[in-house]
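Each structure below is given as structure tokens.
Consider the two complexes below, in which subunit A is the common component and subunit B and subunit C are the respective partners.
Let's turn to the complex of A and B:
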């Protein structure tokens, strides 16, 4: 009898773990139903959904390495803005897309490293250093734009990136990065160690894990995602301003939570959460748009659904035994 | 199992709610007469909360939509070029036939995209630069632009400063808004104000006069510096939209500076200065007509207002609709139009109230259906003549 009960609990737990994926599929079904009723251009919409979610997917997937540790980076959007600006300036001087990619990634990884190393050296919570970095990067973005001397924007010629501004190119970048992150998170000890530190830092320290080292690696992975996101942003919209990627920081948090991952990190962190959450968010936005909801109402509906998702994900948290 | 049921019930309720609201709003159509079919127009907006943005939206939603067979779809508040591209993609996916743009992070990219996708595109309350116009004027789907061009922005600033200089005021404070973010509109307005001071004070602004002041401000990173301009004094300047304590502190300091007689704002002057300004000090602003601005004029807090009127976006709507109906308005050379439109200026409460009454009307706004109907399929000359007669008195005729 007890065995049967345990099996039932195990099955329901597994299903609840899949809740974000089921939610995403349901969202896609709703989207298709409404699109059909409203005579929406469905192929274009799918292309549009991918276009709009891929950048967040890439950045959020990298950010999972930070969130798993129970840390929180508020400066991801600002870092992406600065990386894109520096990358664009590098392109304008060299005319090479490869150099632009390298500079975007290098700059983002460097910013991430500074955040995490500062936190380690001064023994500060990472969150605190990222707040400082946010102010610093916002100011730096203005300095870069001013130094470039082209008014309030930095531009890469649209023709230069038109060839790679395709869904296929973005999908390839996403798939390669996802594969790399899944390998590092699920098939290397890095993921397990991060989950341990995120779940119980004291236990992890007593077990000999170096939290600072893991934090630096986690931030580097996030930096990689931010750099690729910056590169993809330039290809999508090659006119950059101080507002570029302004909403990315918040989109990343929402995507990760929407994907069913606890913001507190730990054992229940999932590398696929960011991709699932980001796609669900974009689908939801498209549904609101098709219904021509006012922007304020859309935000409210999203907030309610956000709370609902967090509630459902909390249903699965076990109170008496350690999570698996 | 209970948990799974709970989850499924929630998901299904959500699905049902969304589907029900989808079913509730549908539209019928007829094939032959173009006016019989609802025309779907996407509106790109970079500002969703200012009084000006709300009054524009109100004109389209509460008047235009009630008298024309059109449906508007609005973007969220667009902050960068990527958001603009996404919004256009959204409109195309939702079968919008035209886009009216109030967003300017990357206008060339917007025009290119609409041309590629075969969707009409028009610029409201703004203009393209000369280079941009030359590049895009022959595009089939580029309808044109109507709005204050940079010369009008410069003149608006000049006229406002001159209004006070002519009364003998010589000590000024300025709010230069987004000049530090290199927003040209604000830089030109500020330059116009300083140019008027140079003329009246028989001096120069750090070696520059007239239009050269624009370049001077640009070279200073969009900052305007305080100092003497001949016999005129510019004793305080605040810029940016930080909305933090330090920013409000600076505004309060300039507003209460005994060496400042007149406060001039390139925009949002009511937000920036009105709350701090002591009685007796003058305030001029370039913004729009709202109940609040009329109230401030009645109270004597605001003395000069150069304001956009909400119906000013009527002609660009008519031109866009005309293009969708297959009657695009083109210049004699077959190009898209680029027309300028200025402000309504009120220097007393009575005038401001009169303007606001017409401007806020949802039944008889400045540009009514009867007036706009004359623009559908109009010749370029007739259209240009109509747009150029934008003063309150001309429109009332």
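Let's turn to the complex of A and C:
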């Protein structure tokens, strides 16, 4: 009897864990149904969805390494903006896409490194450090545009990136980065150690794990994602302004949580959460668009569905006291 | 520590900030407070920052990060402005409607939080999206403008700002330091599990926290709207930025709070922050310079706070 009950609990737990994936499949089904009824060009719409979600997927997948530690980085969008600006300037000087990619990634990793080292060396709360970085990076973006831009923008010639502004190229970048992150997270010590530190930092420290070192590695992985995201942003929209990637920081949080990962990190962290979450959010936006909802109502519906999906996916981790 | 020494220690930081601000402006040949407008700018900034700092600190001290306070201010100011414009109400009535609406929105956020029992950061993200969307829908995305309404535009006077700040400070001190709710709040802040096990009901406590934060943000939304003469719409978390102005005064307030009541600490923190803002205005500093200086100040102050023991030890050794 007890065995049966345990099995039932285990199965329902597994199902709840899969709620975000089931949600994504449901949303894709709803999208297809509406697209079919409204006679929408489905391949073109899917291309749009991929174009919109790949950048968030790449950045959010890297950010999982920070969130698993129970940390939180609000400056990812600003870091991406600065990396893209510096990358675009590098292209305008050298005319090399490879150098642009290297500069984007290098700049983003450097920014992440500064945030994590500042937090580790000076014992600062990571979140507060990233708030300060957000201000600094926003200001830096303004300075860069003023010094190197034409008016309020920095531009890369559209012809230069036309060849790589394809869904296939972006998909290849995403798949390669995802494979790398899955390997690092699920098949190396890094993922397990991060989960341990995120779940119980005191116990992890007593076991000899160096939280500062893991934090620096986690931030560097996130920086890699941000750098690739910056590169893909330039290929998608080669005219960069201070608003470039403005909403990415918050989109990343939403995607990760929507994908079923707890914000507190720890053992329930999953590397695929970010991809599932960002694809679901883009599908949801497209559904709203097809239903001709105005932007305000669309955002309200998104908020309710977001809350609902997260509520269902976290049903089996309820505590008696209010969560903090 | 003696009472007099405590007061002196608490006043030291604002006095130093004032001295540095006066020095910087005078070196550049500018008078910090040269006209009535400078005083209004200073007072408005101080009250704005004070209200956001109080609102943020209530939940943040309890480990609840609330991204929705900016959207609460946005939506409450939109609703109050629409009602005030439609029925030609006085600024005081608009303020009251904004405060009540803010309180109700805060209560709704709290209700959702205690009902779904999800981490507050997730709930606040959803509520921020919801309130922003609602404000956008109510105004058709065009926002609200009342630049032609002289009565509303003239509300921004120093006495009015001071009255709002005084009411907020008195309410915070009365509610958090002199009521059963306040004692229970402090118990929950210092040990949630133990407090709950001793019989403290944390759900009503959390609801009241969200309600008070909402009331304060309603007032902040009103001040911000009447100062600008219009309310601009934000989507996709565009409303969270006002929250960031509260971090520096919150840390400064926390530091000053070692010597005196922490609510006074936040007040002095807001004054310091407003003084710095006034220097930016008077020196016509570029937006990028303001952001860089503010971020560096915050990081430097935090580095000091988090390494105070080490620094003192180093100073002793040398």
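To be clear about the criterion, the second predicted complex is superposed on the first by the 316 of 324 C-alpha atoms of A that agree within 3 Å, B and C clash if a C-alpha of one lies under 4 Å from a C-alpha of the other, contacts with A are read in each partner's own complex, and residues count from 1 in each chain.
What we mean here is this: contacts are C-beta pairs under 8 Å (C-beta built on N, C-alpha and C of every residue); 3 or more make two chains touch, one makes a residue touch a chain.
All figures in this text were calculated on a predicted structure; none of them were measured in a lab.
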item: Which superposed partner A:124 touches (first subunit B, second subunit C, both, neither); value: second
item: Which of subunit B and subunit C A:92 touches, first, second, both or neither; value: neither
item: Touching partner for A:295 - first (subunit B), second (subunit C), both, neither; value: both
item: First, second, both or neither for A:139, with subunit B first and subunit C second; value: second
item: First (subunit B), second (subunit C), both or neither touched by A:29; value: first
item: First, second, both or neither for A:52, with subunit B first and subunit C second; value: first
item: First (subunit B), second (subunit C), both or neither touched by A:247; value: both
item: Subunit B/subunit C common contact set on subunit A; value: 146, 246-247, 294-295, 298
item: In the complex with subunit A, residue positions of subunit B that touch it; value: 1, 3-4, 6-7, 10-11, 14-15, 18-19, 21-23, 25-26, 48, 71, 73-74, 76-77, 79-86, 89-90, 92-95, 105-106, 108-109, 112, 181-184, 218, 221
item: Complex contacts: residues of subunit C adjacent to subunit A; value: 62-64, 112-114, 116-123, 125-127, 129-130, 132-138, 141, 192-193, 196, 202-203, 206, 235-237, 240, 244, 247, 286-292, 294-296, 298-299, 302-303, 306-307
item: For the subunit A and subunit B complex, residues of the former touching the latter; value: 8, 12, 15-16, 19, 22-23, 26, 29-30, 33-34, 37-41, 44-45, 47-48, 51-52, 145-146, 151-153, 158, 233, 236-247, 286-287, 289-292, 294-295, 298, 305, 308, 312, 315-316
item: In the complex with subunit C, residue positions of subunit A that touch it; value: 72, 118, 122-125, 128-129, 131-136, 138-140, 142-143, 146, 246-247, 250-251, 253-254, 257, 262-264, 294-300, 302-304, 306-307, 310-311, 314, 318-324
